[in-house]
Amino acid sequence: MTFSTEDMARRASKEIPAGSIVNLGIGLPTQVADYLPVGHAWLHSENGLLGTGPFPFEGEEDPNLINAGKQTVTVLPGGSTFDSAASFGMIRGGHVDVAILGAMQVAANGDIANWAVPGGKVMGIGGAMDLASGCKNVIAMMQHVTKKNEHKLVARCDYPLTATRVVTLVITDLGVFAPTGEAFRIVELAPGVTREQAIAATGAPLV
Amino acid sequence: MTFSTEDMARRASKEIPAGSIVNLGIGLPTQVADYLPVGHAWLHSENGLLGTGPFPFEGEEDPNLINAGKQTVTVLPGGSTFDSAASFGMIRGGHVDVAILGAMQVAANGDIANWAVPGGKVMGIGGAMDLASGCKNVIAMMQHVTKKNEHKLVARCDYPLTATRVVTLVITDLGVFAPTGEAFRIVELAPGVTREQAIAATGAPLV
Amino acid sequence: MVGRHANKVVASIEEALAPLTDGMTILCGGFGLSGNPEALIKGVVARGVKDLTLVSNNAGNMGKGLALWLKAGIVKKVICSYIGGNEDLHTRMASGEVKVEITPQGTLAERLRAAGAGIPAFYTPTGVGTVVEEGKETKEIDGRRYILERALPGDVALVRANRADRFGNLRFWRTGRNFNPVMATAAKLSIVECDQLVDNGAISPDDVHLAGIFVHRIVHVAEHENAFEFRTVRKRP
Amino acid sequence: MVGRHANKVVASIEEALAPLTDGMTILCGGFGLSGNPEALIKGVVARGVKDLTLVSNNAGNMGKGLALWLKAGIVKKVICSYIGGNEDLHTRMASGEVKVEITPQGTLAERLRAAGAGIPAFYTPTGVGTVVEEGKETKEIDGRRYILERALPGDVALVRANRADRFGNLRFWRTGRNFNPVMATAAKLSIVECDQLVDNGAISPDDVHLAGIFVHRIVHVAEHENAFEFRTVRKRP
């Protein structure tokens, strides 16, 4: 047994304090919103929206009301819109409390790589670097190993970096882990996952 | 005969193209507005107003609608309000076409001193330096000499500078003069003012 | 002597785009396909200019928006933050036809904002320790390292607004705002395509999102495709 | 675990100002006596803190506004752009009781904006060749010299808004906006005094001047003096 992506999203939602400002990265992290109680936190979309609401009802989609993943969304009462410079001012200025980001690699020192595969197609940086270096608390969500069974929790990233020494917590299908500098500390293992399994799947010391 | 302050303001108004953005400094330059046809130009007040209108009718004064001189004003149709950072972004970014500023000294190289008297009470800088260094066309308005008959059009300013090499035109009670680098060029003399009078009253070559 | 802030409303896209010339740097508002100046984008292709440097967050997608410029072969360089599934850009980048400079999205926005606000360069923490830092000056300030980034000015900005008055005061709708305001501030000439054109005074001074000081030409375009990238919905309860 | 964005509305000025301590740097909105957080300014004197560094464009005038702090002797340093006829500041500056740092108004606004936006330093043309340049780094960029200016962050911001919702989204009225938004962005803790308090949703998302992300405490104060400095009028025709 490991965490499903739903389990991971539910687990990640527990890291979001009530009354905080949260940016959920494109893809898996976006699902975290499904597990947040109504009114619990304020979701920030870096394209210029604070107070992002759920997807619109069919027929109410507005092409000029989207999140950073270009999905149609809604805006909650108390929400606000602003331009890109203001939006990234919020991020860079440390006003966003938590960012939950997808990742390709996370190192024991908190480095994160999540925007490019060496030798792969360049997809661009988008808001990844701003979010990773600007937010007060950066949580990474990813599968523990690649499809080819390569480590993704590593001693040192060899993928192009997004930001250095920023990740506070990694949530994977095997559990929850905290970078400590030289190692990852086991915060929690998924039900049925043994310490040995986790150690074998991790490319850095696990304590 | 020399230009009265009204003459100076009227003369300065001729330097403002139709359809331009203008910032009028506190004091004498503010009077220039009285000689601009309705709708001729857009007046910018650096405290956060574009489209500044005339003083309000009695009883309609709004303490939260003032110009940079803290005088109650109105806002014209098409006017807008904004914060101080945005306002000075307009100035510093070169979006204000003309600034008309009071001055203590202007040098032949275009240097301007208008914020402090050596040894005098420090009144502060306010928006003077931003306006003088940011606006595309800086026009100085002042009496040609001090009350003690000291030169104000000088070879080199000895008052604390506001900005360097920015003034394009000086309008005084004796006429209109353009800094050329080493000298002032006579653009126009006030009615009855002789070339000799102007030369005597000017602390730099007059050509 | 007439300044740039008289008679801004023009009758056609053609007239609005008349000042464009080959080799210009064009700043274009929009995030993905949202908030795009669609008619101006199409009009630039019809205008027949080439060798453009395009600054935009995405440079189009799904063959739409600025992808038209890539298809038409009128772009020599793109400065953007994200490519994603934009195949028109991927193929032209791979072939070397188009040079691509990728910058973090916040740095792109701030460089444009700086250009508009007369700030020639600024320090930022974004990209420190990454490839973004390569070839740039860095400085340690209060114990943290920062990168010096330069302002990014343009010749022309293409902007989409929801509502404009005749002076060019603009309002945007929801996240259609995105890069549009900063693009307008950063260009020598800003051309606005608006859904609604109203008289001066119809927008209250406190309700202006971008002041007309940053706008030079206005063209009214009532109809837009307003393409969706991901039309995500939920069921009615 | 509760974040800073829940339950922001407090019942009194006293409660709003409870976190203040001696020696703090306080950023205060307002331009002259316009757009001042009048009740918070008075409340700080009653709060009994001292040795404050005050950042404000004017530091009061005519014995009003922030002049109260000067009279009370709770300010050790003022960072401002303009003194003018503010005799309370002139006398305390002359006596050495208060240290005054004067900065150009646009540089003051930009330093605050930078602090709020995570920009530690920026280059500006303002003040080049003047006393403002003294002791500062300069750099030539594209043939023009610029001064490096530092961000100016604060511990607490005191802000006056016309309207606030319960999350802290703010609207300002006319030129009462001035420095209020940038002050709010630049402080660790932003306290807002609003003329009107409304429910979330009462301000449309596109009509928010400053998003609630920058606001931490809100107190509703219906009555203000709203002092005039120069009440200039014209005759009715």
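We just call them A, B, C and D in the order they show up, numbering each chain from 1.
One rule holds for everything that comes next: a contact is a pair of C-beta atoms (placed from the backbone, for glycine too) under 8 Å apart; a residue touches a chain by one contact, two chains touch by 3 or more.
Please read all numbers here as calculations on a predicted model, not as lab measurements.
> With one step meaning two chains touch, work out the least steps from chain A to chain B.
2
> Which of the two pairs, A-D or A-C, is linked by more C-beta contacts?
A-C
> Rounded to a whole Å, what is the gap between the Cα centroids of chain C and chain D?
Each chain reduced to its C-alpha mean, chain C and chain D end up 32 Å apart.
> Based only on mean CA positions, could you tell me how far chain A sits from chain D in angstrom?
The computed centroid separation for chain A versus chain D comes out at 35 Å.
> State, to the nearest whole Å, the distance from the C-alpha centre of chain B to the C-alpha centre of chain D.
Averaging C-alpha atoms per chain gives centres 28 Å apart.
> On chain C, where are the residues touching two or more other chains?
In chain C, the residues touching two or more other chains are 110, 113, 117-119, 124-125, 172-174, 177, 205-206, 209.
> Which residue numbers or ranges of chain A touch two or more of the other chains?
Those would be 49, 75, 81-82, 85, 88-89, 91-92, 134.
> Could you classify the connectivity of these chains, where an edge means two chains touch, as line, ring, star, complete or other?
other
> Please list each pair of chains that are touching.
Contact pairs between chains: A-C, A-D, B-C, B-D, C-D.
> Flag every residue of chain C that touches chain A in the complex, lowest number first.
Interface residues on chain C, with respect to chain A: 31-35, 57, 80-84, 90, 93, 100, 102-110, 112-113, 124-132, 162, 172-182, 209, 226-236.
> So in the complex, which bits of chain C are touching chain D?
So the residues of chain C touching chain D come out as 110, 114, 117-125, 139, 141-142, 144, 146, 150, 171-174, 177, 205-207, 209.
> For the complex, which residues does chain B have touching chain C?
17-21, 41-42, 44, 49-51, 75-82, 85-86, 88-97, 134
> Can you list the chain C residues touching chain B in their complex?
Touch list, chain C to chain B: 1-7, 113, 115-119, 165-167, 169, 185, 199-201, 203, 205-206, 208, 211-214.
> For the complex, which residues does chain A have touching chain C?
Where chain A meets chain C, its residues are 45-49, 54-67, 69-73, 75, 81-85, 87-89, 91-92, 111, 121-130, 133-134, 160-164.
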